[in-house]
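What follows is a group of structures, each given as structure tokens.
First subunit A sits with subunit B, and in the next complex the same chain sits with subunit C.
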Partner chain A sequence: MINLSRTVTEGAPLVAEIERRSGQRVSACLQCGRCTSTCVAAHAFDFPPHRLMHMLQIGLVQEVLASRTAQLCLDCMTCSMRCPMKIDVAGVIETAKAVADEAGLRDTERDLRLFRREFLRNVRRHGRLHETSMLLRYNFATRKLTNDISLVPLILRKRKVHLFPPKVKNLRQMRRIFREINGDARPAPEPETGAGE
Partner chain B sequence: MTTYSYFPGCSLSSSAIEYDTSFRLVAREFGIGIDELEDWNCCGASPAPHHWGGALGILLPARNLHIAGASHPSVVAPCAGCFNRLKYAQHELGRNPALRQLTERALHEPVRYDTEVINAVELLNREIAPEEMAARAQGRLEGISLGTYYGCVLVRPPEVVQYDDPNDPVEMEPLLKATGAEIPHFPFKTECCGSYMGLPKKEIVLKASQRVIESALESGIDALVTVCPLCHQNLDLRQGQINAAFGTDYHLPVLYLTQAIGLALGHSPEDLGIDAHAVDAGALISRIRGRRAAS
Partner chain C sequence: MRIGVFVCQCGTNIAATVATDRVVEAARAMLGVIHAESIQYTCSDPGQRAIIDAIQQKDLTRVVMAGCSPRMHETTFRRAVQRGGMNPFMLEMVNIREHCSWIHPDIDQGTLKAIDLVRKGVARVRRQAPLSGSTVPVTRAALVIGGGVAGIQAALDMADAGIPVTLVEKGPTIGGNMARLDKTFPTLDCSSCILTPRMVEVKNHDNIKLIVNAEVDQVRGHIGSFEVDIRRKATCVIEQKCTGCMICQEKCPSRAPDEFNAGMGESKAISIAFPQAVPLVAGLRKEHCRQFVKGRCGVCQKVCPADAIDYEQEDEIVSGAFGAVVVATGYDLYDWTGSYPTYGMGRYPDVITSMQYERLLSASGPTGGHVRRPSDGAEPQQVVFISCIGSRDESVGRPQCCSVGCMYTAKQAILTKEHIPDSQSYIFYIDIRAAGKGYDEFSRRAQTEFGALYIRGRVGKIYPRGGKLIVMGTDTLAGEQVEIEADLVVLATGLTAARGAGELARKLNISYDGYEFFTEGHPKLKPVETNTGGVFLAGACQGPKDIPATVAQASAAAAKVIGLLSRGELETSPVVAAVDRNRCVGCFKCRDVCPYGAVEQEQLPGGRAVAHVIDSLCQGCGLCNVACPPSTISLKGYTDNQLIAEVVEVLR
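Now for the complex of A and B:
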């Protein structure tokens, strides 16, 4: 059995951190479930959005940070638009994801991590996304060589590909952008005032 | 003639090349000047903001804003995703000095970020009066039901994009109605298509997009109209995958807004790149032409 008073106390600092950065109050959630009923991806989550909010209320922060929900949220913001308490639920989930990233938590959605990695490497290399090489590298990285391969003849027939990657001329400036971010989990600096209004 | 900076973005130069083609064609038809942004870069799309807690998701679009700042007073980003990222960068740079500093260290100069950022719908509404559209279209799309599909990032989050109604957007309607088309009630017009999960988590996209298509058909819609290349990819390019996954037999054409307008002006599907879509729009085109022949 979960000792609720203990989890609330232990989780409190991280919940406060998520509340501060997202500018939202998880305690305002009434558990009406409207976020979950509007969510198009809830079927792929381990915890639906309203349960995630409840877990934050009772301090189960580590479970939230490690959840598939935090990684797979599409950030479509439908839940935030529909919440009767005007909580930016998607913002809370996004913040949890960022906190998990910064804490170096290993995400469980390997394919998603590899997709982001290959996408951003591609942009770093060319300045613009070269879809063809991104798809190939992603399929190699995930060892799912046939993923979307059925679309290839169609894409070729419709003349929708660049064989050679497009390139930004000022690649040095692009490299500096990636260097400033440091190539690792650097969060956006926060505004000194007006955060989370 | 007003001239706008034009930020095509990665999709409009490859997988959504037909959006670029039709956008330029419509701009030319109505005398709207567009001037492609010099040496633009990827806006970061979804992976940048999600991946590194925000900073890269601002710095990438910030470089484009900065370049636009040296050119025309407004920049148009026809891709809904690029539009959203440019607006985000503008919003964050405006309120966050530390982020501005970080950006300026990368750019090596003071960042310009106050160029007006507008999307394709906004541009067309501003430059084309419905009366002018009606006069040019001569009712070519009469009897055709178009589903105005806005998706997520064009209208959300409202405090950042500050465009239309985040739950019930309507801005695509005046010009499309002026072509003679009908715009039926379409409850799924802002439902998410599954976003960028097509490669890493396909089942999310197929299910989300299947629901959008099903809702469109229930609303009696003949073709969806969008300004988002990612929505287009999920709804059009993946429609065959949806049919295979759900045992459905959908053939719902998905048009870019500028393609629908191009058809209304009498341009051929080939000129507008409609033949580059996965779903064959032949039946729809025949109906449009048949109506012309009959009248």
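Now for the complex of A and C:
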């Protein structure tokens, strides 16, 4: 049993925060389900993306923040591209992740969070992804030093990764982009219009 | 008997599966046929010319036209044979297209069937007699029943076209339900602001005679000349003298329910419905008046400065003659208190109908436009709207969609937010039906801009707890039970036909459905006609509809009346029933079954009573033919003789 008068009132500040930072309106969602129909990761979620939108509509924001749905989203943006109401669904989920991060709510998927952190730090440092250092740091962070170690000879033989970082033409511009989106690896607020096609 | 048979090829429409030359050949051998030919496109000008030439050269007296359905071109060919000098009813259409060529793939079989059909037509036309209709004069005046927005629109349109209109309204003022609305979707126009000027226009129009507090008592006559008795009910106020000063209402000691405010306020036994009422005349309700209930009071008579009170006033019958009638009796709200026990059946004062809420929102309402809930006058914060009360609900016998509930609920949610900015509205819905122009955008705005929370699901139960109403429902999108602690619950009650609609329909001899909504002549092509000539429909009396659709239908009905009354006289169809007096036994079964009241009793000089058909009322349906035990009443052009001859030919 959900007490709507309570959830709506109590959830309102956090929902407003997510709406403000994502630039999206969850009330615009029609619940048509097209986001879920196109989602490639929904099978791993505890509830599909359209349900996440509805939960925000009725104020179940804590449940959203603590959910695997918010954490496992791949940010592939297909839902945002196909939303008939032009809602940036992925942006909403991305924002929910960030809000959850800040609230320290996301320890059930610690490795995921660390992976994301190391990924973005790596891109900021090198301008593009340097897999070798990224994986090393990830393994340190997760304290699983030997994680996937057996794959190393194979990867090296296939020349899939390089020992030295890649060269980027304009690293300063790259860093400026990161600075502009809050100066750290947190996701940026999406533009008002959402991600169109 | 000189019969001509014309077989149309209709390009390849017929010729592809019917060998028309073989049909012509076969027709030539039929009894009475002296001419037969095949024509490529008979409906074309040269095609019609060929028929006319054949009639004149060969002196034809009957024609069989084998081609398309009579629904397509019967009128065309009746005119053609008339131009050739024949009676138009001596033509028989044989359908060898829709009923033959289009549905048969095989040319031999198609041809054989076409020959059978032509033989049938020839047999029938051999027994045909010339027919001619009569004419009836048209009274150039119209009656409009019902003074809501539909009646107002129809009356003004007709009056502007120069037609004298009598507008009859049951209540004390025109304006109908629309006058009670606060604002209108999807533009949020103020309802009164757009309606009251039209009401005043009605009152001041030279061509409109307005009779309020009145109902249709009796209807006689038929299209072009109706005679209607209108009963003006006694209100104890002399309309011509009353100035609308409202002193009587102020001083009246007898309280009475406020009908205009849907019971949300209190009124007096003598009152004016609302300050913009048209006409602005007081009326007295005897059942609430001390003068009548206790036998002494007389306050209003004493205080009236215009000497307009007359306790002795009696009902008055006003008779009028009209060429056409527009029925615009509108709707009443579904009475939910009888059938929703789990919502309290009216026990909880803060569970109200949408019309009651409309009056709470209205600046001219009992709270001056401040939303205050009925129980304690508090401003509600949590407002729950429940859609489809008495609509889309088989369990209460109302399966139809009310067609306006979704929209007016969205509007009320928007207005709630405007009146009480920190309020939260919840709308329980089944589907959001917003099909009109700008409607879906409007209901979306209720959600995105005004924060109305739409919950898909029907409410199970409402019960009071500590000054709140606990609304127990479900959110089918979340798949969870939900509950809301509400301050006010507004029920989006559906629309039913106006009380007494069925009775009026029987007086006017028009059809109505199981919910007493009047039936249109054809759901697509005759949306404002009824099955009784000269009686037209406008607005929600025909089915639930919103204001734009109502106004459009009212103007359409007016256009139909203007067209009808622009003719000095009407030609009636000659295909009507006729009685063979010599054989009529006077059982009057025909009169009992006639849906149009077209059969009357006729006294023959010898004293014998026989049936007699009033041509102008008969619609040629043929029910009486079936009911007549000795088969003495029959439809002209469709006599038993003719029909049996057709069947015999087909079975040969």
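The definition used in the following text is that the second predicted complex is superposed on the first by the 111 of 197 C-alpha atoms of A that agree within 3 Å, B and C clash if a C-alpha of one lies under 4 Å from a C-alpha of the other, contacts with A are read in each partner's own complex, and residues count from 1 in each chain.
Basically, contacts are C-beta pairs under 8 Å (C-beta built on N, C-alpha and C of every residue); 3 or more make two chains touch, one makes a residue touch a chain.
Small disclaimer: the values here were computed from a predicted structure and weren't measured.
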Original post:
Once the shared chain is lined up, is A:Glu131 touching subunit B (first), subunit C (second), both, or neither of them?
Top reply: first
Original post:
Who does A:Leu120 touch here: subunit B (first), subunit C (second), both, or neither?
Top reply: first
Original post:
Touching A:Glu180, do we find subunit B (first), subunit C (second), both, or neither?
Top reply: first
Original post:
For A:Cys76, is the partner it touches subunit B (first), subunit C (second), both, or none of the two (neither)?
Top reply: first
Original post:
Is A:Arg159 touching the first partner subunit B, the second partner subunit C, both, or neither of them?
Top reply: first
Subject >> subunit C versus subunit B, contacts on subunit A by residue >> reply: B
**OP:** For A:Ala141, select first, second, both or neither according to whether it touches subunit B, subunit C, the two together, or no partner.
**Re:** neither
Subject >> Common interface residues of subunit A - those touching subunit B in one complex and subunit C in the other >> reply: none
**OP:** Would you mind writing out the residues of subunit A in touch with subunit B in their complex?
**Re:** 40-41, 43-44, 72, 74-78, 80-82, 88, 94, 97-98, 101-102, 109, 111-112, 114-116, 119-120, 123, 127-131, 135, 138, 147-148, 150-151, 154-155, 158-162, 166, 168-170, 173-174, 176-181, 184-192, 194
Original post:
Across the complex, what residues on subunit A touch subunit C?
Top reply: 1-6, 8-9, 25, 27-28, 31, 51, 54-55, 57-58, 60
**OP:** Sort out for me which residues of subunit B touch subunit A in the complex.
**Re:** 10, 13-15, 17, 39-42, 44-48, 50-60, 63, 92, 95-99, 101-102, 105-108, 152, 156-157, 166-167, 190-192, 194-204, 207-208, 211, 237-238, 240-241, 275-278
Original post:
Which residues of subunit C touch subunit A in their complex?
Top reply: 382, 424, 426, 444, 447-448, 451, 453, 455-456, 475, 477-478, 480-486
